[in-house]
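Next up: some structures, all given as structure tokens.
You will see subunit A twice below: alongside subunit B first, and alongside subunit C after that.
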Partner chain A sequence: MNKASRKHIIELLDKGIRLDGRKPDQYREVSVEFDVTRSAEGSARVKIGDTEMITGVKMELFEPYPDTPDQGSLMVGAEFSPMASPEFESGPPGIESIELSRVIDRGIRESQAIDLKKLCLKKGELCWMVVIDMAPINAAGNLFDAGALSAIAAIKDTKLPGIKDDQVDYDNKTEDPLPVKKVALSVTVCKIGKHLIIDPLPEEEKVIDARLTVATDESGELCALQKGGEEPLSVEEIDKMVELGIEKGKELRAKLES
Partner chain B sequence: MTYDKRLDGRKADETRPIEAKVGVVKNADGSAMFKIGSTVAYAAVYGPREMYPRFQQNPQKGVLRCNYNMMPFSGHGNRVRPGPNRRSKEIGMVTEKALLPVIDLSKFPNAVVDVFIELPQTDAGTRCAGICAASMALADAGIIMKDLVASVAVGSVDHSIIADLNYDEEAYEDGPVADIPVAILPNSGKVTLLQMDGELSREELKKSLELSKKVCKDIYEVQKKALKAKFEVESK
Partner chain C sequence: MSELLVKEKQVTVPGEVLAEGMDYLPGNNTYREGEKIFSSKLGLASVDGRAIKLIPLSGKYLPKEGDTIIAEVIDILMSGWRVDTGSAYSAMLNMKEATSEFIQKGADLTKYYDFGDHIVCKITQVTSQMLIDVSMRGPGLRKLTGGRIIRANPNKVPRIIGKKGSMVSMIKDATGCRITVGQNGVIWLQGEDPNMELLAVKTMRKIESESHISGLTDRIKSFLEKETGKKISAKEGEKNDVR
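Right, the complex of A and B next:
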């Protein structure tokens, strides 16, 4: 950890400002664009400051698992292409991208954002699998929130493809959307010294003590949490971080509507 | 000659609409986006930077390393499994060979210039779009270059010589099809990428290459314009 950088960031936070002039609880400019790649059944591009993420949804047909014969399935993946940052390397997925995809998977799965039962076509025989892939174009901090927002936006954008002889007919999209029940998204709150901040820059991510990703649905209920970072958190701190996560989640949610 | 009307109504020597933009990945030393029809390629350049693994270093000059990747949701139909495969590795290799003749890395021994090509959306001609984007990204990164590299797929569909085949033309069933991805150095007219699959006569190949030269000149103008546009904005 760069001690000088950490000291500088904390001294600024003592005065209530960030490296880029923002307030501690302020997002950079957030934008959501739907339907950005034709080859996916649904897609979205999210920009948070200089961070840019494209997420695509592909629909596949599969034979459901024996323990859930009447349910479709969900798969979330993230590929950190070395295009997006000099710190990403080629090769098999690193632990960062695995953590990201698993946390976002939980947010969508546990909030029951998608009604998996409605994705069953023939019980025990044929169901839809929703495959969500996230691809950062430029990684400039806070991939968690960009990933979660782009994933739910891509889900909302999805139109089911047609089916011909129990096979997917990708050339003929229907007008049917995915059965979306809830809109789950996440806000990652970071702790540096005694300060809490959201939407960290890469420089800030490198010096945080701990972070908490708070995934919520539209009623403000929690649907997934993930603590990261090396330092412990007190229960009071967690409560404050969750409060901030819920409050800021509402702000992000508005970006999906416009 | 029955394929005289193209499926999407284009003229024989007409490409799909092209858009190009330089500086699309802020983190990179150079970057570009090249869109031709529904095929979109991003390219990002990092370097010259230290080469790892070290045994791949060349003490004589810097190394160019190209990586081609289709995003999982970019394919026509099924999801593309993430990670490298035989196809993407070969395309990375021929992309390197297509770009090498124009770049000078003699001042950077032991270093590497990494080019990462990513495709979010595809409809044929991906390696050519990747090469077009990569050469713009290299120029944007300030790598010493003799020329840009322009690239397009030409070919014959049922004995008609056409430029920039789309997916439906590649899959044309009522006659023989040949798909020829070509990369050209616009100023010398020399060829740095040449692949072909399908059925083609020697005469048709000659005509196709003449056509590719002409089309690549047009693409070159688009590339130059995009490069200039970035630096005009910066100087304001």
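Right, the complex of A and C next:
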């Protein structure tokens, strides 16, 4: 359907330029804002170009699962509201929002960004559950990277609520942060023709051959990968994509410090 | 006693009271309820004698007979093509109106226009039921190959084109791009230099967002001169202020 648009994008990439004038391996302007909501224990707003994502962290108490009696739990959800893009529909979550939340869940879980053992209050009886909810405010491409960045920013921003009689006392926040061990975030590298690009625009997302989401921690160690798109990737391409992902991950991580 | 509640060229929102009393008449994009006249769109109010009009700043395209638009092929039928006009209604391109060539019976119609192709066409008929016919017969009507498509607010198309095409030809001269603007707000552009193509897109976005502020032509001219470093000669009598 988008043959003409795809041809044009590839022609521009042959000249080393993107639709909006960026280089293939250049992000749009990235900004991170902490503590943007009152009700969540931690929250962040991330903007990548026109894309905007708000993520909130809620803390809940629960009885731990029998196989991991000494560990807290992690839950990630994403809701794509029709306000964010004309292509989103209301109703039960679609395949895109499920994929997004699972990919970000995996990045945080597999990097062991949060020390779940420290979230156990009474072994086998009471643990914290970290509930991360993401809401795209404006979907203008690259929700994966915006989501992962906002999730880790919201986790860093989180202050545990107080506890009264084994119940959460949401009105009284403590000063205790979450036990964050690693700062995991992801960079999605897309393949169009023979070109590799990052931070795709919606027009580019529609015509990509394949994409690879590369989640890394601050030491540059790989934590998770997710491949999408219809075309296969060669081993060399994956090597290049992972390398680019690690390099650009450092750039994004710097945005979290400021 | 009737009272006018808005100034000339004031920005109004839907539901805003423009005037009270029966001495004023509701014009385009306004309506009367009881003694009051309300705005039905986001736009600029303008008073013409006793009538109050509204020049819309937003809203979808409404097909009109005689408009030249850029449409996308969305379906291929036995007798022709169905195209998306960028409005709530799709249009029909009949085989007879499609080319001057003879099309064999049972020929593969994708050879002429395929799914997703963009075409410049003219609206020949709009019925009261909003059944729309378009034609490819006429000067400048063609299939678009290469280049990029951008979508602008259809209400700003007259600003982008300018008086007698002055604005668009200024952009063409400055950037060296080929540009076609459809009345439905779909714009096609193609340039040899990708940076110039980008500048043309930027310029049109600027026109879109600043068209309601007066002195538009001069501002766009100095913007283009600054960006390209070239001197641009504005053509005579082509000031393009807000209506």
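Note that the second predicted complex is superposed on the first by the 257 of 258 C-alpha atoms of A that agree within 3 Å, B and C clash if a C-alpha of one lies under 4 Å from a C-alpha of the other, contacts with A are read in each partner's own complex, and residues count from 1 in each chain.
Basically, a contact is a pair of C-beta atoms (placed from the backbone, for glycine too) under 8 Å apart; a residue touches a chain by one contact, two chains touch by 3 or more.
Everything numeric in this text was worked out from a predicted model, so none of it was measured.
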* After lining up the shared chain so the two structures overlap, which partner does A:H8 touch, if you call subunit B first and subunit C second: first, second, both or neither? -> second
* Structure fact -> In this superposition, the partner of subunit A with more touched residues, subunit B or subunit C, is B
* First, second, both or neither for A:L256, with subunit B first and subunit C second -> neither
* Now for A:N138: first (subunit B), second (subunit C), both, or neither, which partner does it touch? -> first
* To do: In the overlay, answer first, second, both or neither for which of subunit B and subunit C A:G21 touches.
  => second
* Touched partner set for A:M83, first subunit B, second subunit C, both or neither -> first
* To do: Would you check which partner chain A:L126 touches, where first means subunit B only, second means subunit C only, and both and neither mean what they say?
  => neither
* Structure fact -> In the complex, the residues of subunit B that touch subunit A are 24-28, 38, 40, 42-44, 46, 49, 67, 69, 71-79, 82-84, 114, 116-118, 120-123
* Asked: Which residues of subunit A touch subunit B in their complex?
  -> 36-40, 43, 50, 54, 56-58, 60, 77, 79, 81-86, 90, 92-93, 131, 133, 135, 137-140, 168, 170
* To do: Enumerate the contact residues on subunit C facing subunit A in the complex.
  => 114-118, 144-149, 194-195, 198
* **subunit A residues touching subunit C - in the complex, by the definition given at the top** => 1-5, 7-8, 11-12, 15, 17, 19-21
